[in-house]
Each structure stands twice: as structure tokens, then as C-alpha cells.
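The structures considered in this document are given below.
What follows is a pair of complexes built around chain A, which joins chain B in one and chain C in the other.
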Partner chain A sequence: MKLICTKENLRKGLFVVSRVVGVGNPLQVLNNILVKTDQGRIKLSSTNLEIGVNTWVGGKIEEEGSLTVPARLINEYINNLPTEKVTLTSKDTTLNVEADNYHTNIKGLSSEDFPLIPQVADEPFAKIDSQEFRDALSETTWAAAINETQPEISGIYMAFEADKLRIAATDRYRLAERTAQLLEPATSAKEVIIPSRTINELNKILGTGKGEVGIYFSESQVLFKFDETEIISRLIDGAYPDYRAIIPKEFKTQATVPREDLIHALKATALFAPDTNNIHLEVSEDGVIKVSASSAAAGENEALVKGKVSGIANNAIFNFRYLLDCLNNLTEANVVLKMISDASPAMLVPEKRDNYLYIVMPIKV
Partner chain B sequence: MKLICTKENLRKGLFVVSRVVGVGNPLQVLNNILVKTDQGRIKLSSTNLEIGVNTWVGGKIEEEGSLTVPARLINEYINNLPTEKVTLTSKDTTLNVEADNYHTNIKGLSSEDFPLIPQVADEPFAKIDSQEFRDALSETTWAAAINETQPEISGIYMAFEADKLRIAATDRYRLAERTAQLLEPATSAKEVIIPSRTINELNKILGTGKGEVGIYFSESQVLFKFDETEIISRLIDGAYPDYRAIIPKEFKTQATVPREDLIHALKATALFAPDTNNIHLEVSEDGVIKVSASSAAAGENEALVKGKVSGIANNAIFNFRYLLDCLNNLTEANVVLKMISDASPAMLVPEKRDNYLYIVMPIKV
Partner chain C sequence: MTNQQLWQAILGNLELTLSKANFTTWFKNTSIIEKSETGIVVGVPSAFSKEWLQNKYHQEILKALKQLSPETKEVKYQIVSPSFMPSPAANKEVQRTQTARQPDNQTLNPKYTFNTFIVGSNNQLAHAASLAVSKKPGSVYNPLFIYGGVGLGKTHLMQAVGAEVLKKDPNAKILYVTSEKFTNEFVQALQNGRTENFKNTYRTVDVLLVDDIQFLAGREGTQEEFFHTFNALHQNNRQVVMTSDRLPKEIPAIEERLVSRFEWGMVADIQAPDLETRLAILKTKAREKNYSIEPEILTYIAETIQSNIRELEGALNRLMVYCQLNNTRPTIEQVKSILVNVITPPKKRGVSAKKIIEVVADFYNVSIEDLLKQSRKKEYVNPRQIAMYIIRRELETSLPSIGEFFGGRDHTTVIHAIDKIERHMKEKSNLKQEIELIKDRLYLT
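Up next is the complex of A and B:
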């Protein structure tokens, strides 16, 4: 293998594929990046056996070939290079890197030892705008269960229905659901559960870029393609809980409040609930939302937020983190809090948008 | 105690004094900040028994008094407040904080339990410009020994000689020395050793501010005063090593090289010396400085830096971190490396400035 490319292109490509690579994996080749010539371009690949990433970088191929090299080393080396161009040449399992006054030989491993990243369908199942996708993910994915003892809810639920993609995440104490617009109707209706880790990596790949994201499926795998990069992951087996059944249809109290004001009130009050995270939220008919907490060690706090209230007075105890998770990920100036009682699920939605909802269970004390 | 002040002034003051405060110190009052009325202003104090910090904040005093409150809690609370003004009122050992729609009672401890921060001389021993002081500290203090088994060299040496302040730090393998200009001659000649931690805190207090720093001494304490803040610390007992005796007077090789180029070459090469940190530096008479390293696991690297060389060819092995520490803290475009042999101390100095020197011992392999 012999190829020439700009330092900057190579740096960007290595950065994209490096994130799924482990450090100190006992199977050495899993710490490595596969560098391969591919139809006139340079293909960089990485995998942790659950997630695989491929990206393509432009360059001049002088001799076809492939080799794997330690991800961290090649990344740091290329990052630090003060030159514009780099020449990579493989000799057996060594990668020679030449760049002006820098001459190096990096010890690698044969590409034959590198795990095969599965092939997925050639034709996209669905297409979505990258910004729409990113917004939808940022409003939902953090609500998934962290504990993987319940594998279904540790993942992100995606349901394709005509030209809509419904994304949901829950840990059984709270639920976030966002409906996103597809660029054209999906090939068929389909429900899948995708590992949270995959979505986190996808989010990084989407970055702030603009364009179209292609979504591809095989029996047990999903592939997302954006720009010159694709991420391939296994799907989670199992049935996602029928969460729609628990979403209340009607509420008794509805409070519209400035989102930032509620965030400040929750943060201030949370300092006085250091052990439990429990804060008391009281909605009064005159439009004042009182957030309060007290602890024997720290003291007590009460913060008032002014909003607009319709329906009856209501109150409940919540884990402040569950409320902040949602509030911090919305962008609207106002949010609407809907309540039934201190023992029934409450709902948070942005004002003037109906493609998103967040359900949170009160704490029973 | 009752006082009114702006949130912003209080926030800044709390930030300054909070840094020396511990978290979870078993002696609860050491986790607290002392809030005290003082001649029409608000005095905030903190101490970890080794270092004490006092700062003064403007405000309206309605009733004299004092109280200590948990540093972390009051900091986070005031930080988060969305209001402009704050009213603080003490009731026994509780601090009531009122700010628009925020009402809180923070549990504190009596100010009588707060350790006395020592008083130091009223008259400054010396005065120095804050920028000059900051520059001098940034070029030296990181060279001190981390291990406190040799307490003298774990501190920073300061020698006052007429209108000069000579600052030195060493860990016996390297030495940094900078001579700074005082604003007027010091009261007398004096040598002291100041704990590194104190200098780190001082650096943060100096920040990027401009002005005069007053330096005060008592028998066993030093006080630095800048703006509305003072930091008081014990001095380290003992005699600082006579480091000037080991500074070579003459060198056989002198290489002037672009500082950034040498940094890049060292960083690239360091990746190939993961276990030892040892890199080989060869100066040739034709003006090329070769930096190289190799390891069985990673491979090998050679980076060439072009400079101007006078004297004989020379080479030695160095810990790359010791060279980078110095190079990263200088600002000049060019540095001068002076060598005698592979077993004698080498010197790094900025080009065209004679108030700074750095000595580093080569590694014997």
C-alpha cells in the first residue's frame, strides 16, 4: 500500500473512526484502525465488535493494499504533524509515514486479523434530514435506562410509519417521545430498538453537519450513512414496552411557565435536597409555581416561578434531575406542565409544538 | 448581621475565596466561608489552615455581624440566582438569603469556630507589577519537586535583592530561574521558600488583572495583596539548595531553534518513547537538530528541526517532558539550547532575553 493525502483530511477521518476504538483491549487488533485503499480513495475502519465505523478520505493511491495501526498512536501522531501532506507506505506490518522532516515507522497488524464489519442492504430503507434527526435524538435519547438488565429499554425505540419516524426512550420512571419527519415515506412500517451507545456515536458523526442521513437495515443490523461516513450496529432483540398505553389523555392542571425560570428554580432548590433529589412542586390557581425542598443538614429553599395556570391547584414530588433532563434539552422559551394528581404521571411539552412529549412519574413518599 | 449587595459582586468574591476550601473536611467549619461585616464592607474569608484568603466586597451593611456557611452550597446557590440583588441576614447560625422570588435558609456555623487567619505586617516589604510577577511565576513554578519528602524544593524560592526578585524552582533534575523587576527596592535583602500550593492560588487570584502586588512578611508567614484580595500562607522552613553553584558557565554547543518546531518534534517523537519518556537529541554542525526515539511496541520516529548551530556537534538523551515544560511556558519565537556533553547539564534560554534560564540534566542510559 502506498498513498498520499493531506494531513487535514487524514486527521478528520481518523478522528471520526477513533471514537469507537478501545484502549488496552486485550485483543490488540481492536485497538487498531484499518487503513485500506478502496476504489481510488482511502477507507478507514474501526470496530468494537458491537459498532463499526467506516469513513472515506480523498487521496492519491499509488499502490493498493491495507494495514491496521494503533488508533491512539496514529491519531496523536497525525494530529501533531506540522506539515500539509503525508505519505503512508506499508511494509509487511509496519506503516511508514513520511512528512517533510518527519520520518516514522509505526508497528501495525495485518488487516487479515481485523474483524469483518457486516454488510447491510444497498438501498436505504428511509432518509431523514440530519438536523431534524439530531434535534429529535437530542430530545429523547437521554431518557433511556442506563442499567442494561432490561436490554429493551436500555436502547432507543424507533418506529417508521409512512413519512414519520417516532423515537422513544424510557427507563420506566420517565418517557420521552419525539415524532420526526422523514424526507420521503419509508419502504414499509418497521419497529427497531437501537443501542444507546450507537446513537451517541451517530450523534457525534452528525455533529453540526447538514445533509441527508440514509438508514439501512439487514435482519439484525442497522446502518446510518451521512456524508462520507457510515456507522453499523447490531439491533437489540426483544419487544419494546407498549408505552403509549400509559400516556394520560387528560389532565386536571396545566401550567405554562418560562423554561429558564423553572430551570433556575429547580437548580437552586436541588441544593437543599442533596440526599434524595426530591423537590416539591406546587401549582396554585393564581399562576405561581412554587418549588421547594429542605434538608436537616443544608437548610431550606423556596423558589417561585410565575406562569399561567388553568385547571385546579395541584402538587407533587419529583426527582429534580428528571425534570432538568427534559428542560435542558428543549429550546422553547415556554414549556407546559400538565398534572393530574400527586400519584399520576405528569407531562412536560414545549409550548406551541405537538411533536414532542415527556412523561415523568412523581415520587411517592 | 444584615447586608445587601449585588449578586455579581458576591459571586465574584465567593469564587475567589472558595478555592482553598476543602469539601468533606471532617472539621466542618473548614468547609465553610466566613462572611463578616468589616468597616462598611463585606469581608469573605476561607482557610485550609495552611493558606488563608480574605477578600472584600462592596455592599450596604444594615447590621454588623458574622457567620460561616458551607462554601460549596453558598457558591452554587448564588451562582444560580437569576436576580441582581441579594439580602443576607443571619439568625443565630442560619443565613437567610432573600432575592426576589427566592427565599432560603442556609445552615451555618458560628464565626467563633472559624480559625484565626494570622495577621501579617502592615507595611509592604516589596511591591511588584502583577503582570511581571505572573510572567515570572509561569516560567518557573512548575519546575518544583512534587514529592514533599524534600520540603525545601517542593516550594518556590524567592530572593529579594535591591530592586530585583529572583525566583527559582528545582526538583534536582531540572531548574528554572527568573529574575523579576520590583517596583521599588525591597526593604532589605531576604530569602524565603513559599509552598507551591500558595503560588498556584496566588496565580489564580492574579488572573489576568493589572495592578500592583504587595508582598508582606512576618516571622513565618507571607501575605500577597492584590486588588481587594489577600492570600496568607506559612513559609517553608529550611535552606534552599545553593543551585547557582551547578549552573555551567560555559558550553560547547549552542543551537538556536524555532520554539514551536522543537515542540512539535518532541511531541511526535515522545509517542515512540511511551515507557521511558527518553528521547535522543542530536545537534549537528550543519544546523539540524534531530529528535528520535524507538520502542519495540510502537515503532520509531525521527524528526528534524532546522536551526543555527555554533560550536561542536553534540548529543544527549532527555526526558521529553522536562524539555516541553520549559518550551510550553516560554513565548519567544526562538530558544537557545546550550550543551556541554551527554553527561553534563544542558541549558535552555529564550533568544534575546537574559532574565531567564532553565537547566536540565540528561538521562544516563
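Up next is the complex of A and C:
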């Protein structure tokens, strides 16, 4: 194999693939990136046997071939090269990297041992704008359960319904749901659960550009195609909880508050709830929301946020992190907090947008 | 050949030709899920392993298969989910809690119930306390601390509490652990960084049963974790039952705050059973095993084996097997010869003065040098005298040579030590118990 490539192209490609490696797996080759010539372009692949990533970058191919090299080593090395162009030549299992005054031989492993990344259907199941997809994911994915003891809710739920994609994540104490617009209607209705890790990788890859994301499915696998990159992952088996049943239909109190003000109040007050994370939210009818906390060790604090309130006065205790997670990921100037009582789920929605909702359970003390 | 055996045989073949890393990565969680006349279907956990087996190892698998069963010609691969996932959301809660609970409760031995426990004057208090606890877990005596010598029924009583609570409320979460298991799991949790899980398991149970708590001695990290677990449970009115071979305050190298917590609820002792109780135990055991035996023989066994119920049962079993093998009914004379090993166990085997000193030093958590050197600190003098006493009684070593052994002390020092221990043993029952325990350890290990 011999190829010449700009450093920038190679760096971008390596950035995409270098995180999905099988750290700790006894199979050495999983720590490596596969570099392969593919129809006049350079194909880079990596996998941890749960997720696989392929990306193609442009370059000049002088001789066909393939080799695997340690992911971290090549990634950091290329990052540190000050040159414009890089020449890669493979000889047996050694990769020779030539760049002006930098001469390097990297020990690799034969590409024969590199896992085959599964093939997924040719026809896209659905297409979505990358910006829309990215926004939708960043407003939801953090709400998924971290613990994998319940595999279903450790993943992100996606339901394709005509030209809408409903994305949800929950850890049983909170729930985020966002409906995104597909570019064209999906071929059929479908519900899947995708591992959080896959979505996080996808989110990072989506950040590198703009365009159209193709979503493909096959037997227990999903593939996202964006730009020149494919990310393939297993799906999580199982049924997602029927979360729509718990979304309250009517609320007794609605408070519209400036998002930034509420964030400041929560952050300041949270300092006085170091052990419990519990903060008390009191909504009064005259439009003032009182955020307060106290602890025996730190002292006590209250902050008042002015907003518009309709309905009755209400109060409840929340984990401030759960509120901040949501508020930090919204962009609107105002948010609407809807409450029923101190023991019923409360809802946070952005003002004047109806494709997003966030439900959070109050804490009973 | 079953599917499993066939697959094991194929794997056995493949294992020889592949590197270990390759083998474990690609063949983990695979199995034969279907077998027909002409071929097999191999279940694989993921699309990655499917691709790999299909494209890289297909020939090898086929070859190995043909050697074992020539008529099969076809191998297919299918992805199967590694675990069963309950589907409807409503069922999930139930499913989950059940699977989470069963393994906990399964650690209880079904043999150990209150019905099979024989009450005598020696264990009346412990039995009554356990019974009360099992009726109202968490509210009467919390914690319940049972102590007593080897083979007297501590574990039995403790598990009976668990079994009884479970009988009343099948959903109760009962966790039985030995303190060793607790330590191991804690250490493992620390290593894997999964202390959250560990805490969740231990702090959400309704009844926690911890066996042989004295083994926490000297393990400070575990003691601290146990302290917090204990507090969390106690605060939420969850029952804690512990057993030990001695009183809380006699457990060496255990933190004061734990000791005071152990003594908080109820401390009940189990003594060695008296003759009547031993006889009752033997009779029940014989009845359980449907074995009819002359009362005189039972009385003989009960008279000769005095301290340990496990030995009592062992003697009875031995007798039973002997009689069944030879198809005879034993006479007293025969019984004596059959049980000679059980009744007068070959005690002196492997026991030396050095071993005794080691065991005593270990028991009181002092070093062997401390026992041998001249220090007259109280915490060394007492174990030293006990060691002298045991050596004299068990090995019948001469007084001057005992003195010689302990760093050249005079034989009168030894006489004084032995006299003192004998005197104290009459006055304090716990010293007597301690010495029994040391002897138990001496001959058990």
C-alpha cells in the first residue's frame, strides 16, 4: 500500500474513528485502526465490536493495500505533524509515515485479523437534516439511565412515524422527548432503542459538518451515514417503557420564566444543598418563583426569579441537576414550568415551541 | 450427543488452532440453537461475530463438525439476543424485582428452619430472641447478635429467622452472607469501581444476616463499610442479625463504634447443649433419617460427645452407614469401636507447642514474639499464660520445658500461670469459652 494524503484530511478521518476502539479487549487488533485503499480513496475503520465506524478521506493512491495501526499512536502522531502532506507506505506489518523532515515507522498488525464490520441494507430507511438531528439529540440523550442494569432505558428510544422522528430518553425519574422532522417520510413505522454510546459518537461526528443523515436498518443493527462517515451499531433488544402514559395532560400551575435567570438561581442555590441536591421551588400567584435550599453544614439560601404565573400557587422539591440538565440544553429565552402538586410529575417546555417536553419527578421527603 | 456437547466438542477442536484472544472474543456466548439432519444453526451474540464466523472461521467450524458428525454439511449463523428481555412495560417491574430477589433469598438453606431447631436450656434465650425477631423484623431486637462455639447452631438459628420472615412475606428481601463474602464483594466492588451497586444491594434489603462477624477483625476498610451499611439499615428499621464465636467486645481489632452497635439490640449466647438436649437432638436426627436405634446407644453417644452438635450428627451418620453396610444392629460394644475415631479423635495429630502459640497469638491478635519475649504488659501476659495452660493440658509437656519454650522462664512461672488460668476459668465463664474456642481452632485447622 502506498498513498499520499493531506494531513488535514487524514486528521479529520482519524478524529472520527479513533475513539471507537476496543480498549481492554484481549484481541489486540481492536485497538487498531484499519487503513485501506478503497476505489481511489482512503478508508479508515475502527470498531469495539459493539459500534463500528467507517470513514473515507480523499488522497492519491499509488499502490492498493491495507494495514492496521494502533489508534492512539497514529492519531496523536498525525495531530502533531506540522507538515501539509503525508505519505503512507506499508511494508509487511509496518507503516512508514513520511512527512518532510519526519520519518517514522509504526508497528501495526495484519488487516487479515481486523473484524469485518457488518453490512447494512442499501436503501435508507429514513433521512434527516444533520442540524435538526443534532439539536434533537442534544436535548434528549443525557436523560437516559447510566446504569445498564435495565438495558432498555440505558439507550435512546427512536420512533419513526411518517415524517416525524420521536426521540425519547428516561431514567425513570425524568424523561426528555423531542419530535424531529424527517426530510421525507420513513418507509414504514418503526421503534428502536439505540445504545447511548452510539448516539454520543454520532453526536460528535454530526458536529463536524452539515448535511443529510441517512438512517439504515438491518437485523439488529442500525447504520447512520453522514458525509463520508458510517457509524454502525447494535440495537438494544427489548421494549421501551410506554412512557406516554405518564405524561400528565393537565397542570394546575404554569410559570413562564427567563431561562438564564432560573439557571443562575438554581446554580447559586445548589451550593446550599451539597449532600442531597434537593432544592425547593415555590411558585406564587403573583409571579415570583422562590428557589431555596438549606443544609446543616452550609447554611441556607433563597433566590427569587420573576416570571408570569397562571393558575394556583404551588411548590415542590427537585434535584437541581435534573432541572439544570434540561435548562442548559435549551436555547430559548423563556421556559415554561408546569406543575400539579408536590408529588406529581412537573413539566419543563421551551416557550413557543411544541416539539419538546421534559418531565421530572419531584422528590418526596 | 446433545447440541451443547456437540458445540463444546467443536469449540474444543477450534481452541487448539486459535489464539486465546481470538477464541474468547469470537466464540464467547455462542451455542447451537438448532440442529437438523443436514445442518446446524449457530447462535451468535452480535452481527460482528456473525460476520466473522461466517467469513473467517466457517471452514474450520465445518471441518470440526464433519469429524464429529459426518452427516451434517451445513452451518448457518443467527444473531440471538444474549438475554431474555421482558416485553410489556407493565410486567417489567414485577419481572425485575423477582429476578433481583431470588438469588438473594436462595442463599438460605431450606433445612434451617425453626421447626428443625431443638431448644434446650443452653440455647433458650437465643431461640426466643430469634423467634421474636422473625415475627417482627426490625422492631424488637435490632440488631440481634448470637454468639457461641463451633457447631452449636448459630447459622441454623440465623437462617431460620430469614426463612420465617420469607414464609410470611415471600417478597421480603433477605440477604445471608458470611462476613468473608461481604469483604470479598466489597473489595471486588472497589476494584471494579462499582461501589454504587454494592451499596444498593446491601442497603436495600429487609433482613441482613451476617455470619461469623468476627472475621471482620483487622479489616478496617470493610469495617467502615459495614458500619455504614449497618447504620443505613438500622435507621430504616431493617433487621440485622449477626453471629460470632464470641462476645462483641472480645473480638480483637474491631472498632469501638461497631462493638457498641453490636451490643445495641440483643446479645444472646448459645452454650454447648446439656445431656438431655443432646439426646433430644440425636433422637430427632434419627427420626428424620428413619433410623431406629436403641435408646441406650443414643445415650452413649450423647454422653461421650459433649460439645459439638455437628460431631454428634457425624457420629450418628457413621453408625448408620456402618450398620447398613454390614446389615447388623449394633451392640454397645460395637458402637464403641465404630465411634472410637469420632469420640476420641486423634487429637494430638499435628499439634505442637508452636502451633498452640500461633493459634493463641492469632486469636488475641498479638504477635508470636510478643508472647515469647519478656514484656509484662497485660495484653501479652494473659495470652501467654493461656498458651502455657493449653500446652500443659493438651501436650502434657513438662513444666521446665514449657518455661524454656517461653524464652527461658522459670518453671514456677509456668505453675503460677496454669494455676491462675484454672482459677479464673472457674470464676469467669467467658474465659472458659475462649479457651474452648482456641482448642476448636487448634484441631480444626
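Just so it is clear, the second predicted complex is superposed on the first by the 359 of 365 C-alpha atoms of A that agree within 3 Å, B and C clash if a C-alpha of one lies under 4 Å from a C-alpha of the other, contacts with A are read in each partner's own complex, and residues count from 1 in each chain.
FYI, a residue touches a chain if its C-beta (ideal position, glycine included) is under 8 Å from a C-beta of that chain, and two chains touch if they have at least 3 such contacts.
This one's a predicted model, so the numbers in the text were calculated from it and none came from an experiment.
Once the two complexes are laid over each other on the shared chain, residue contacts for A:Ala298 go to chain B alone; chain C is not touched.
In the superposition on chain A, A:Ala333 contacts neither chain B nor chain C. In the superposed model, A:Ala343 makes contact with neither chain B nor chain C.
In the superposition on chain A, contact of A:Ala121 is made with neither chain B nor chain C. Legend: residue contacts after superposition of the two complexes on their common chain; A:His264 is shown touching chain B, with no touch to chain C. Judged by the touch definition given at the top, the superposed model places A:Gly238 against chain C, while chain B stays out of reach. Those residues of chain C that touch chain A in the complex are listed here as 20-22, 24-25, 46-52, 55-56, 79, 81, 83, 85-89, 92, 96. Taken in their complex, chain B has these residues touching chain A: 70, 73, 76-77, 80-82, 94, 101-107, 260-261, 264-265, 267-268, 271-272, 297-306. Chain A makes touch with chain C in their complex at residues 25-28, 30, 47, 49-50, 52, 113, 115-119, 150-152, 218-221, 234, 237-242.
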